[in-house]
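Supplied in C-alpha coordinates, the structure appears directly below.
To keep things simple, chains are lettered A, B, C and D as they appear, and every chain counts its residues starting from 1.
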Amino acid sequence: MTQISVIGSGSDHAVRAEEVGLLLAERGATVVCGGLGEVMAAAARGAKSAGGTTIGILPGESRAEANEWIDHAVATGVGHARNLAVVASGDAVIAVGGRWGTLAEIGFARVLGRYVVILEPGLEIEDVPRASTPAEAVELALAAVR
Amino acid sequence: MTQISVIGSGSDHAVRAEEVGLLLAERGATVVCGGLGEVMAAAARGAKSAGGTTIGILPGESRAEANEWIDHAVATGVGHARNLAVVASGDAVIAVGGRWGTLAEIGFARVLGRYVVILEPGLEIEDVPRASTPAEAVELALAAVR
Amino acid sequence: MTQISVIGSGSDHAVRAEEVGLLLAERGATVVCGGLGEVMAAAARGAKSAGGTTIGILPGESRAEANEWIDHAVATGVGHARNLAVVASGDAVIAVGGRWGTLAEIGFARVLGRYVVILEPGLEIEDVPRASTPAEAVELALAAVR
Amino acid sequence: MTQISVIGSGSDHAVRAEEVGLLLAERGATVVCGGLGEVMAAAARGAKSAGGTTIGILPGESRAEANEWIDHAVATGVGHARNLAVVASGDAVIAVGGRWGTLAEIGFARVLGRYVVILEPGLEIEDVPRASTPAEAVELALAAVR
(Lines give C-alpha, C1' and ligand atoms only; values in the text may rest on other atoms or scores of the structure.)
Protein backbone atom coordinates (compact mmCIF):
# COMPACT_ATOMS: atom_id res chain seq x y z
CA MET A 1 0.00 0.00 0.00
CA THR A 2 1.21 3.47 -0.85
CA GLN A 3 2.47 5.52 2.09
CA ILE A 4 2.70 9.31 1.75
CA SER A 5 4.47 11.41 4.38
CA VAL A 6 2.89 14.70 5.34
CA ILE A 7 5.32 17.06 7.03
CA GLY A 8 5.20 20.63 8.27
CA SER A 9 4.18 22.70 11.24
CA GLY A 10 2.26 25.81 12.17
CA SER A 11 -1.30 26.09 13.46
CA ASP A 12 -2.22 28.30 10.48
CA HIS A 13 -1.84 25.36 8.17
CA ALA A 14 -4.26 22.94 9.84
CA VAL A 15 -7.11 23.36 7.37
CA ARG A 16 -4.96 22.59 4.35
CA ALA A 17 -3.16 19.73 6.12
CA GLU A 18 -6.48 18.18 7.06
CA GLU A 19 -7.62 18.32 3.45
CA VAL A 20 -4.36 16.73 2.32
CA GLY A 21 -4.90 13.88 4.77
CA LEU A 22 -8.51 13.42 3.69
CA LEU A 23 -7.65 13.34 -0.01
CA LEU A 24 -4.80 10.87 0.53
CA ALA A 25 -7.14 8.55 2.42
CA GLU A 26 -9.77 8.82 -0.29
CA ARG A 27 -7.13 7.78 -2.79
CA GLY A 28 -6.19 4.78 -0.69
CA ALA A 29 -2.85 6.02 0.59
CA THR A 30 -1.71 5.60 4.19
CA VAL A 31 -0.73 8.90 5.82
CA VAL A 32 2.67 8.92 7.55
CA CYS A 33 3.53 11.83 9.82
CA GLY A 34 5.47 12.82 12.91
CA GLY A 35 2.57 11.89 15.15
CA LEU A 36 2.42 15.07 17.25
CA GLY A 37 0.37 18.28 16.89
CA GLU A 38 -0.50 21.00 14.38
CA VAL A 39 0.05 19.84 10.80
CA MET A 40 0.77 16.29 11.98
CA ALA A 41 -2.50 16.06 13.89
CA ALA A 42 -4.50 17.77 11.16
CA ALA A 43 -3.27 15.46 8.43
CA ALA A 44 -4.03 12.40 10.54
CA ARG A 45 -7.46 13.75 11.48
CA GLY A 46 -8.28 14.34 7.84
CA ALA A 47 -7.24 10.83 6.91
CA LYS A 48 -9.35 9.30 9.66
CA SER A 49 -12.36 11.41 8.64
CA ALA A 50 -12.22 9.58 5.31
CA GLY A 51 -11.70 6.17 6.88
CA GLY A 52 -8.00 6.08 6.09
CA THR A 53 -5.00 4.66 7.92
CA THR A 54 -2.35 6.69 9.77
CA ILE A 55 1.15 6.03 11.03
CA GLY A 56 2.81 8.38 13.53
CA ILE A 57 6.59 8.30 13.89
CA LEU A 58 7.36 9.92 17.21
CA PRO A 59 10.59 11.47 18.53
CA GLY A 60 10.17 10.17 22.06
CA GLU A 61 10.18 6.83 23.83
CA SER A 62 6.45 6.44 24.42
CA ARG A 63 3.44 5.86 22.19
CA ALA A 64 1.40 7.95 24.60
CA GLU A 65 2.55 11.18 22.99
CA ALA A 66 0.83 10.38 19.69
CA ASN A 67 -2.18 12.45 18.71
CA GLU A 68 -5.56 10.74 18.86
CA TRP A 69 -5.84 10.21 15.09
CA ILE A 70 -2.78 7.96 14.88
CA ASP A 71 -3.59 4.31 14.25
CA HIS A 72 -0.08 2.91 14.44
CA ALA A 73 2.48 4.75 16.55
CA VAL A 74 6.19 4.14 16.40
CA ALA A 75 8.22 5.59 19.27
CA THR A 76 11.70 5.97 17.85
CA GLY A 77 13.48 7.40 20.89
CA VAL A 78 15.90 9.28 18.67
CA GLY A 79 14.53 12.82 18.99
CA HIS A 80 14.76 15.02 15.93
CA ALA A 81 16.55 12.20 14.08
CA ARG A 82 13.10 10.69 13.67
CA ASN A 83 12.61 13.25 10.89
CA LEU A 84 14.74 10.94 8.76
CA ALA A 85 12.36 8.06 9.47
CA VAL A 86 9.30 10.16 8.66
CA VAL A 87 10.43 10.91 5.13
CA ALA A 88 12.15 7.56 4.52
CA SER A 89 8.85 5.83 5.33
CA GLY A 90 6.90 7.69 2.67
CA ASP A 91 6.95 6.88 -1.01
CA ALA A 92 6.61 10.62 -1.57
CA VAL A 93 6.37 13.67 0.70
CA ILE A 94 3.96 16.62 0.95
CA ALA A 95 5.12 19.66 2.95
CA VAL A 96 2.47 21.91 4.48
CA GLY A 97 3.80 25.04 6.15
CA GLY A 98 6.76 24.26 8.31
CA ARG A 99 10.04 25.82 9.27
CA TRP A 100 13.44 24.49 10.34
CA GLY A 101 12.40 20.95 11.19
CA THR A 102 10.54 20.75 7.91
CA LEU A 103 13.62 22.03 6.10
CA ALA A 104 15.58 19.16 7.63
CA GLU A 105 12.92 16.71 6.48
CA ILE A 106 12.89 18.05 2.93
CA GLY A 107 16.68 17.83 2.84
CA PHE A 108 16.60 14.22 4.00
CA ALA A 109 13.77 13.34 1.61
CA ARG A 110 15.79 14.54 -1.33
CA VAL A 111 18.97 12.85 -0.10
CA LEU A 112 16.92 9.64 -0.22
CA GLY A 113 15.50 10.42 -3.64
CA ARG A 114 11.94 10.89 -2.47
CA TYR A 115 9.67 13.19 -4.45
CA VAL A 116 8.71 16.26 -2.40
CA VAL A 117 6.01 18.80 -3.17
CA ILE A 118 5.47 21.98 -1.17
CA LEU A 119 1.88 23.15 -0.73
CA GLU A 120 1.73 26.93 -1.12
CA PRO A 121 2.21 29.09 0.79
CA GLY A 122 5.19 27.31 2.28
CA LEU A 123 8.96 27.15 2.41
CA GLU A 124 10.88 28.46 -0.59
CA ILE A 125 13.42 25.87 -1.66
CA GLU A 126 15.06 25.77 -5.05
CA ASP A 127 14.31 22.71 -7.19
CA VAL A 128 11.36 21.56 -5.07
CA PRO A 129 8.02 21.66 -6.95
CA ARG A 130 5.04 23.51 -5.55
CA ALA A 131 1.31 22.94 -5.58
CA SER A 132 -1.34 25.61 -5.17
CA THR A 133 -4.05 23.40 -3.67
CA PRO A 134 -4.23 20.28 -1.47
CA ALA A 135 -5.76 18.40 -4.40
CA GLU A 136 -2.85 19.31 -6.65
CA ALA A 137 -0.29 18.36 -4.00
CA VAL A 138 -1.90 14.96 -3.52
CA GLU A 139 -2.14 14.44 -7.26
CA LEU A 140 1.53 15.26 -7.79
CA ALA A 141 2.69 13.07 -4.92
CA LEU A 142 0.68 10.07 -6.06
CA ALA A 143 1.74 10.55 -9.67
CA ALA A 144 5.39 10.54 -8.58
CA VAL A 145 4.91 7.22 -6.83
CA ARG A 146 3.24 5.43 -9.71
CA MET B 1 -4.69 -0.81 20.48
CA THR B 2 -2.08 -2.88 22.25
CA GLN B 3 1.23 -3.25 20.43
CA ILE B 4 3.57 -6.09 21.41
CA SER B 5 7.13 -6.23 20.09
CA VAL B 6 8.48 -9.61 19.06
CA ILE B 7 12.26 -9.67 18.89
CA GLY B 8 14.88 -12.32 18.27
CA SER B 9 16.69 -14.11 15.49
CA GLY B 10 17.67 -17.56 14.32
CA SER B 11 15.99 -19.78 11.77
CA ASP B 12 15.52 -22.49 14.41
CA HIS B 13 13.00 -20.33 16.19
CA ALA B 14 10.59 -19.68 13.33
CA VAL B 15 7.92 -22.15 14.46
CA ARG B 16 7.66 -20.68 17.92
CA ALA B 17 7.83 -17.10 16.65
CA GLU B 18 5.01 -17.79 14.22
CA GLU B 19 2.87 -19.17 17.02
CA VAL B 20 3.60 -16.10 19.13
CA GLY B 21 2.48 -13.86 16.27
CA LEU B 22 -0.66 -15.88 15.71
CA LEU B 23 -1.63 -15.85 19.37
CA LEU B 24 -1.02 -12.11 19.68
CA ALA B 25 -3.26 -11.46 16.67
CA GLU B 26 -5.98 -13.70 18.09
CA ARG B 27 -5.85 -11.65 21.26
CA GLY B 28 -6.19 -8.42 19.28
CA ALA B 29 -2.67 -7.13 19.69
CA THR B 30 -0.70 -5.58 16.85
CA VAL B 31 2.67 -7.27 16.29
CA VAL B 32 5.68 -4.94 16.12
CA CYS B 33 8.97 -6.33 14.86
CA GLY B 34 12.16 -5.44 13.03
CA GLY B 35 10.55 -6.17 9.67
CA LEU B 36 13.26 -8.39 8.20
CA GLY B 37 13.70 -12.19 8.17
CA GLU B 38 13.75 -15.21 10.48
CA VAL B 39 11.96 -14.50 13.76
CA MET B 40 10.74 -11.14 12.46
CA ALA B 41 9.19 -12.69 9.37
CA ALA B 42 7.78 -15.65 11.26
CA ALA B 43 6.07 -13.51 13.88
CA ALA B 44 4.53 -11.30 11.20
CA ARG B 45 3.43 -14.33 9.17
CA GLY B 46 1.77 -15.82 12.20
CA ALA B 47 -0.08 -12.61 12.92
CA LYS B 48 -1.33 -12.32 9.36
CA SER B 49 -2.49 -15.95 9.36
CA ALA B 50 -4.88 -14.96 12.14
CA GLY B 51 -5.98 -11.75 10.45
CA GLY B 52 -3.86 -9.53 12.64
CA THR B 53 -1.96 -6.31 12.01
CA THR B 54 1.82 -5.99 11.74
CA ILE B 55 4.31 -3.12 11.94
CA GLY B 56 7.89 -3.55 10.71
CA ILE B 57 10.53 -1.10 11.92
CA LEU B 58 13.40 -1.38 9.48
CA PRO B 59 17.07 -0.39 9.84
CA GLY B 60 17.43 0.89 6.30
CA GLU B 61 16.10 3.74 4.21
CA SER B 62 13.59 1.82 2.10
CA ARG B 63 10.29 0.10 2.79
CA ALA B 64 11.18 -2.41 0.11
CA GLU B 65 13.29 -4.44 2.51
CA ALA B 66 10.29 -5.37 4.66
CA ASN B 67 9.15 -8.98 4.61
CA GLU B 68 5.88 -9.71 2.85
CA TRP B 69 3.84 -10.04 6.04
CA ILE B 70 4.41 -6.45 7.15
CA ASP B 71 1.35 -4.21 6.84
CA HIS B 72 2.94 -0.95 7.90
CA ALA B 73 6.65 -0.49 7.30
CA VAL B 74 8.72 2.25 8.88
CA ALA B 75 12.14 2.81 7.34
CA THR B 76 14.16 4.45 10.09
CA GLY B 77 17.47 4.88 8.29
CA VAL B 78 19.36 4.60 11.57
CA GLY B 79 20.74 1.08 11.25
CA HIS B 80 21.01 -0.95 14.43
CA ALA B 81 19.72 2.04 16.39
CA ARG B 82 16.30 1.05 15.12
CA ASN B 83 16.41 -1.65 17.80
CA LEU B 84 15.55 1.11 20.26
CA ALA B 85 12.47 1.99 18.22
CA VAL B 86 11.38 -1.65 18.01
CA VAL B 87 11.15 -2.06 21.76
CA ALA B 88 9.99 1.50 22.50
CA SER B 89 7.03 0.92 20.17
CA GLY B 90 5.81 -2.12 22.05
CA ASP B 91 3.82 -2.02 25.27
CA ALA B 92 5.66 -5.21 26.18
CA VAL B 93 8.30 -7.38 24.51
CA ILE B 94 8.59 -11.09 23.74
CA ALA B 95 12.06 -12.43 22.87
CA VAL B 96 12.28 -15.58 20.74
CA GLY B 97 15.77 -16.93 20.28
CA GLY B 98 18.19 -14.18 19.41
CA ARG B 99 21.73 -13.23 20.11
CA TRP B 100 23.65 -9.94 20.33
CA GLY B 101 21.13 -7.71 18.61
CA THR B 102 18.41 -9.19 20.77
CA LEU B 103 20.54 -8.55 23.84
CA ALA B 104 20.72 -4.90 22.85
CA GLU B 105 16.95 -4.81 22.44
CA ILE B 106 16.30 -6.40 25.82
CA GLY B 107 18.68 -3.91 27.41
CA PHE B 108 16.88 -0.99 25.80
CA ALA B 109 13.46 -2.41 26.65
CA ARG B 110 14.38 -2.55 30.32
CA VAL B 111 15.96 0.91 30.26
CA LEU B 112 12.56 2.12 29.05
CA GLY B 113 10.66 0.13 31.65
CA ARG B 114 9.04 -2.26 29.20
CA TYR B 115 8.12 -5.74 30.42
CA VAL B 116 10.21 -8.39 28.66
CA VAL B 117 9.62 -12.14 28.62
CA ILE B 118 12.04 -14.63 27.07
CA LEU B 119 10.54 -17.67 25.39
CA GLU B 120 12.59 -20.74 26.23
CA PRO B 121 15.04 -21.81 25.04
CA GLY B 122 16.55 -18.38 24.65
CA LEU B 123 19.03 -15.91 26.04
CA GLU B 124 19.91 -16.21 29.71
CA ILE B 125 19.59 -12.80 31.33
CA GLU B 126 19.25 -12.23 35.04
CA ASP B 127 15.99 -10.65 36.20
CA VAL B 128 14.17 -11.26 32.92
CA PRO B 129 11.22 -13.67 33.29
CA ARG B 130 10.91 -16.73 31.07
CA ALA B 131 8.04 -18.60 29.49
CA SER B 132 8.06 -22.22 28.44
CA THR B 133 5.50 -21.96 25.64
CA PRO B 134 4.34 -19.32 23.13
CA ALA B 135 0.96 -19.25 24.87
CA GLU B 136 2.56 -18.51 28.21
CA ALA B 137 4.80 -15.80 26.73
CA VAL B 138 1.81 -14.08 25.13
CA GLU B 139 -0.21 -14.40 28.34
CA LEU B 140 2.56 -12.85 30.42
CA ALA B 141 3.16 -10.00 27.98
CA LEU B 142 -0.51 -9.10 27.73
CA ALA B 143 -0.97 -9.36 31.49
CA ALA B 144 1.92 -6.94 31.99
CA VAL B 145 0.27 -4.40 29.71
CA ARG B 146 -3.13 -4.48 31.36
CA MET C 1 37.07 24.74 24.04
CA THR C 2 34.96 26.15 21.25
CA GLN C 3 33.79 23.65 18.67
CA ILE C 4 32.62 24.90 15.25
CA SER C 5 30.90 22.59 12.80
CA VAL C 6 31.81 22.90 9.14
CA ILE C 7 29.22 21.37 6.84
CA GLY C 8 28.71 21.17 3.11
CA SER C 9 29.71 19.17 0.07
CA GLY C 10 30.98 19.55 -3.45
CA SER C 11 34.53 19.28 -4.73
CA ASP C 12 34.36 22.85 -6.05
CA HIS C 13 34.31 24.17 -2.53
CA ALA C 14 37.47 22.53 -1.20
CA VAL C 15 39.66 25.63 -1.35
CA ARG C 16 37.27 27.73 0.68
CA ALA C 17 36.53 24.92 3.13
CA GLU C 18 40.23 24.41 3.73
CA GLU C 19 40.67 28.09 4.50
CA VAL C 20 37.73 27.97 6.90
CA GLY C 21 39.35 25.06 8.72
CA LEU C 22 42.71 26.80 8.85
CA LEU C 23 41.26 30.03 10.20
CA LEU C 24 39.21 28.21 12.84
CA ALA C 25 42.32 26.39 14.04
CA GLU C 26 44.30 29.63 14.16
CA ARG C 27 41.57 31.06 16.34
CA GLY C 28 41.75 28.09 18.68
CA ALA C 29 38.50 26.42 17.72
CA THR C 30 38.13 22.69 17.20
CA VAL C 31 36.71 21.81 13.80
CA VAL C 32 33.76 19.38 13.84
CA CYS C 33 32.65 17.82 10.57
CA GLY C 34 31.10 14.73 9.04
CA GLY C 35 34.49 13.06 8.72
CA LEU C 36 34.23 11.96 5.09
CA GLY C 37 35.38 13.61 1.82
CA GLU C 38 35.15 16.87 -0.12
CA VAL C 39 34.26 19.81 2.17
CA MET C 40 34.62 17.62 5.26
CA ALA C 41 38.12 16.54 4.31
CA ALA C 42 39.15 20.00 3.18
CA ALA C 43 38.04 21.66 6.40
CA ALA C 44 39.87 19.07 8.49
CA ARG C 45 42.99 19.35 6.34
CA GLY C 46 42.98 23.10 6.76
CA ALA C 47 42.66 22.80 10.52
CA LYS C 48 45.52 20.33 10.74
CA SER C 49 47.74 22.55 8.57
CA ALA C 50 47.45 25.15 11.32
CA GLY C 51 48.02 22.67 14.14
CA GLY C 52 44.36 22.50 15.08
CA THR C 53 42.15 19.70 16.37
CA THR C 54 39.47 17.90 14.37
CA ILE C 55 36.48 15.72 15.22
CA GLY C 56 34.78 13.61 12.54
CA ILE C 57 31.26 12.36 13.17
CA LEU C 58 30.72 9.49 10.77
CA PRO C 59 27.51 7.90 9.48
CA GLY C 60 28.83 4.35 9.54
CA GLU C 61 29.91 1.84 12.13
CA SER C 62 33.66 2.05 11.66
CA ARG C 63 36.28 4.69 12.37
CA ALA C 64 38.17 3.46 9.32
CA GLU C 65 36.02 5.54 6.98
CA ALA C 66 37.29 8.82 8.46
CA ASN C 67 39.51 10.99 6.28
CA GLU C 68 43.17 11.20 7.25
CA TRP C 69 42.91 14.65 8.85
CA ILE C 70 40.46 13.55 11.54
CA ASP C 71 42.00 13.38 15.03
CA HIS C 72 39.00 12.01 16.87
CA ALA C 73 36.50 9.90 14.96
CA VAL C 74 33.07 9.01 16.22
CA ALA C 75 31.28 6.24 14.35
CA THR C 76 27.62 6.85 15.04
CA GLY C 77 26.12 3.95 13.08
CA VAL C 78 22.95 5.96 12.42
CA GLY C 79 23.50 6.91 8.78
CA HIS C 80 22.22 10.29 7.68
CA ALA C 81 20.86 10.86 11.19
CA ARG C 82 24.44 11.65 12.12
CA ASN C 83 23.82 15.03 10.50
CA LEU C 84 21.96 15.94 13.67
CA ALA C 85 25.03 15.08 15.75
CA VAL C 86 27.32 17.10 13.50
CA VAL C 87 25.45 20.34 14.08
CA ALA C 88 24.50 19.63 17.69
CA SER C 89 28.19 19.20 18.50
CA GLY C 90 29.15 22.64 17.21
CA ASP C 91 28.65 25.86 19.11
CA ALA C 92 28.00 27.42 15.71
CA VAL C 93 27.91 26.17 12.13
CA ILE C 94 29.56 27.26 8.87
CA ALA C 95 28.09 25.92 5.61
CA VAL C 96 30.36 25.70 2.58
CA GLY C 97 28.64 24.65 -0.63
CA GLY C 98 26.37 21.71 -0.04
CA ARG C 99 23.04 20.47 -1.24
CA TRP C 100 20.29 18.30 0.29
CA GLY C 101 22.27 16.83 3.16
CA THR C 102 23.51 20.28 4.03
CA LEU C 103 19.95 21.58 3.90
CA ALA C 104 19.02 18.95 6.48
CA GLU C 105 21.92 20.02 8.66
CA ILE C 106 21.03 23.69 8.49
CA GLY C 107 17.45 22.83 9.38
CA PHE C 108 18.57 20.83 12.39
CA ALA C 109 21.07 23.48 13.45
CA ARG C 110 18.33 26.08 13.58
CA VAL C 111 15.91 23.74 15.35
CA LEU C 112 18.60 23.49 18.03
CA GLY C 113 19.18 27.25 18.10
CA ARG C 114 22.68 27.10 16.67
CA TYR C 115 23.96 30.09 14.72
CA VAL C 116 24.51 29.19 11.06
CA VAL C 117 26.38 31.21 8.44
CA ILE C 118 26.48 30.29 4.76
CA LEU C 119 29.70 31.03 2.90
CA GLU C 120 28.90 32.43 -0.54
CA PRO C 121 28.26 31.08 -3.05
CA GLY C 122 26.09 28.53 -1.33
CA LEU C 123 22.56 27.47 -0.55
CA GLU C 124 19.89 30.17 -0.54
CA ILE C 125 17.89 29.89 2.66
CA GLU C 126 15.75 32.66 4.06
CA ASP C 127 16.80 34.02 7.45
CA VAL C 128 20.26 32.45 7.37
CA PRO C 129 23.09 35.02 7.27
CA ARG C 130 25.76 34.88 4.59
CA ALA C 131 29.46 35.65 4.48
CA SER C 132 31.42 36.59 1.40
CA THR C 133 34.80 35.24 2.53
CA PRO C 134 36.10 32.42 4.76
CA ALA C 135 37.48 35.03 7.14
CA GLU C 136 34.12 36.68 7.48
CA ALA C 137 32.34 33.35 8.00
CA VAL C 138 34.77 32.40 10.77
CA GLU C 139 34.46 35.80 12.35
CA LEU C 140 30.67 35.67 12.39
CA ALA C 141 30.58 32.12 13.76
CA LEU C 142 33.01 32.89 16.57
CA ALA C 143 31.25 36.14 17.41
CA ALA C 144 27.96 34.26 17.72
CA VAL C 145 29.50 31.87 20.22
CA ARG C 146 30.99 34.50 22.48
CA MET D 1 45.34 6.46 17.70
CA THR D 2 43.65 3.64 19.56
CA GLN D 3 40.25 4.47 21.03
CA ILE D 4 38.84 2.27 23.81
CA SER D 5 35.25 2.64 24.97
CA VAL D 6 34.56 2.39 28.68
CA ILE D 7 30.94 1.65 29.45
CA GLY D 8 28.95 0.91 32.58
CA SER D 9 27.15 2.62 35.41
CA GLY D 10 26.80 2.60 39.18
CA SER D 11 28.50 4.79 41.74
CA ASP D 12 30.04 1.72 43.39
CA HIS D 13 32.26 1.21 40.39
CA ALA D 14 33.92 4.62 40.23
CA VAL D 15 37.24 3.55 41.72
CA ARG D 16 37.75 0.75 39.25
CA ALA D 17 36.52 2.85 36.32
CA GLU D 18 38.95 5.59 37.22
CA GLU D 19 41.82 3.13 37.27
CA VAL D 20 40.76 1.77 33.88
CA GLY D 21 40.79 5.30 32.47
CA LEU D 22 44.19 6.03 33.98
CA LEU D 23 45.75 2.84 32.66
CA LEU D 24 44.34 3.39 29.18
CA ALA D 25 45.80 6.89 29.10
CA GLU D 26 49.18 5.63 30.28
CA ARG D 27 49.11 3.17 27.42
CA GLY D 28 48.36 5.93 24.94
CA ALA D 29 44.74 5.07 24.23
CA THR D 30 42.00 7.66 23.97
CA VAL D 31 39.09 6.96 26.33
CA VAL D 32 35.64 7.02 24.72
CA CYS D 33 32.59 7.06 26.98
CA GLY D 34 29.02 8.27 27.25
CA GLY D 35 30.15 11.59 28.69
CA LEU D 36 27.82 11.74 31.69
CA GLY D 37 28.27 10.68 35.35
CA GLU D 38 29.32 7.71 37.47
CA VAL D 39 31.46 5.25 35.49
CA MET D 40 31.61 7.62 32.53
CA ALA D 41 32.92 10.48 34.65
CA ALA D 42 35.30 8.27 36.61
CA ALA D 43 36.89 6.79 33.50
CA ALA D 44 37.37 10.23 31.98
CA ARG D 45 38.77 11.60 35.23
CA GLY D 46 41.25 8.76 35.42
CA ALA D 47 42.38 9.36 31.86
CA LYS D 48 42.89 13.06 32.47
CA SER D 49 44.85 12.38 35.65
CA ALA D 50 47.38 10.59 33.46
CA GLY D 51 47.40 13.29 30.79
CA GLY D 52 45.21 11.31 28.41
CA THR D 53 42.53 12.31 25.93
CA THR D 54 38.80 11.75 26.36
CA ILE D 55 35.79 11.73 24.06
CA GLY D 56 32.26 11.93 25.46
CA ILE D 57 29.36 10.82 23.26
CA LEU D 58 26.24 12.35 24.76
CA PRO D 59 22.58 11.41 24.37
CA GLY D 60 21.31 14.99 24.32
CA GLU D 61 21.55 17.99 22.06
CA SER D 62 24.02 20.06 24.05
CA ARG D 63 27.70 19.73 24.87
CA ALA D 64 26.98 21.38 28.20
CA GLU D 65 25.85 18.09 29.74
CA ALA D 66 29.33 16.55 29.43
CA ASN D 67 31.25 15.91 32.62
CA GLU D 68 34.26 18.14 33.29
CA TRP D 69 36.84 15.56 32.24
CA ILE D 70 35.63 15.32 28.66
CA ASP D 71 37.98 16.91 26.12
CA HIS D 72 35.87 16.41 23.03
CA ALA D 73 32.12 16.22 23.41
CA VAL D 74 29.77 14.98 20.74
CA ALA D 75 26.09 15.76 21.28
CA THR D 76 24.27 13.14 19.25
CA GLY D 77 20.68 14.16 19.99
CA VAL D 78 19.51 10.56 19.56
CA GLY D 79 18.97 9.61 23.20
CA HIS D 80 19.75 6.05 24.17
CA ALA D 81 20.62 5.30 20.54
CA ARG D 82 23.89 7.02 21.27
CA ASN D 83 24.89 3.78 23.01
CA LEU D 84 25.50 2.41 19.52
CA ALA D 85 27.89 5.28 18.77
CA VAL D 86 29.75 4.78 22.05
CA VAL D 87 30.72 1.21 21.25
CA ALA D 88 31.11 1.72 17.50
CA SER D 89 33.67 4.44 18.23
CA GLY D 90 35.91 2.18 20.29
CA ASP D 91 38.32 -0.34 18.85
CA ALA D 92 37.46 -2.46 21.89
CA VAL D 93 35.16 -2.07 24.89
CA ILE D 94 35.62 -2.40 28.66
CA ALA D 95 32.47 -2.75 30.79
CA VAL D 96 32.62 -1.64 34.42
CA GLY D 97 29.52 -2.38 36.45
CA GLY D 98 26.42 -1.39 34.57
CA ARG D 99 22.93 -2.63 34.07
CA TRP D 100 20.36 -2.44 31.26
CA GLY D 101 21.95 0.34 29.26
CA THR D 102 25.27 -1.43 29.50
CA LEU D 103 23.63 -4.64 28.34
CA ALA D 104 22.42 -2.79 25.26
CA GLU D 105 25.92 -1.51 24.63
CA ILE D 106 27.51 -4.93 24.98
CA GLY D 107 24.93 -6.34 22.59
CA PHE D 108 25.68 -3.64 20.03
CA ALA D 109 29.44 -4.01 20.49
CA ARG D 110 29.23 -7.68 19.66
CA VAL D 111 26.89 -7.09 16.72
CA LEU D 112 29.65 -4.84 15.37
CA GLY D 113 32.38 -7.37 16.11
CA ARG D 114 34.06 -5.32 18.81
CA TYR D 115 35.97 -7.14 21.52
CA VAL D 116 34.30 -6.66 24.91
CA VAL D 117 35.73 -7.49 28.33
CA ILE D 118 33.73 -7.25 31.56
CA LEU D 119 35.59 -6.11 34.66
CA GLU D 120 34.50 -8.20 37.62
CA PRO D 121 32.21 -7.95 39.44
CA GLY D 122 29.87 -7.03 36.61
CA LEU D 123 27.17 -8.27 34.29
CA GLU D 124 27.03 -11.99 33.60
CA ILE D 125 26.83 -12.54 29.86
CA GLU D 126 27.66 -15.79 28.15
CA ASP D 127 30.60 -15.69 25.75
CA VAL D 128 31.92 -12.35 26.99
CA PRO D 129 35.38 -12.63 28.61
CA ARG D 130 35.99 -11.28 32.10
CA ALA D 131 38.91 -9.61 33.84
CA SER D 132 39.56 -9.59 37.56
CA THR D 133 41.47 -6.30 37.71
CA PRO D 134 41.52 -2.99 35.81
CA ALA D 135 45.03 -3.80 34.62
CA GLU D 136 43.91 -7.11 33.19
CA ALA D 137 40.88 -5.54 31.49
CA VAL D 138 43.06 -2.90 29.86
CA GLU D 139 45.60 -5.50 28.80
CA LEU D 140 42.97 -7.70 27.21
CA ALA D 141 41.29 -4.80 25.40
CA LEU D 142 44.55 -3.48 23.98
CA ALA D 143 45.69 -6.96 23.00
CA ALA D 144 42.45 -7.47 21.09
CA VAL D 145 43.03 -4.30 19.11
CA ARG D 146 46.59 -5.07 18.09
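We adopt the following convention: a residue touches a chain if its C-beta (ideal position, glycine included) is under 8 Å from a C-beta of that chain, and two chains touch if they have at least 3 such contacts.
Every value quoted in this text rests on a predicted model; they were computed, and no experiment measured them.
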Of all other chains, the one whose Cα centre sits farthest from chain C: B
Chain pair with more C-beta contacts, A-C versus A-D: A-C
Where chain A and chain C are represented by their mean Cα positions, the distance between them in whole Å: 29
Inter-centroid spacing, chain D versus chain A (mean Cα positions, whole Å): 39
Junction residues of chain D - those touching two or more other chains: 61, 77-81, 84, 108, 112
Chain B to chain C touching residues, read off their complex: 61, 77-81
Partner chain A, residues of chain B touching it in the complex: 1, 3, 30, 32, 53, 55, 57, 61-63, 71-78, 81-82, 84-85, 88-89, 91, 108, 112
Chain D contact footprint on chain B (complex, rising order): 78-81, 83-84, 100-108, 110-112, 124-126
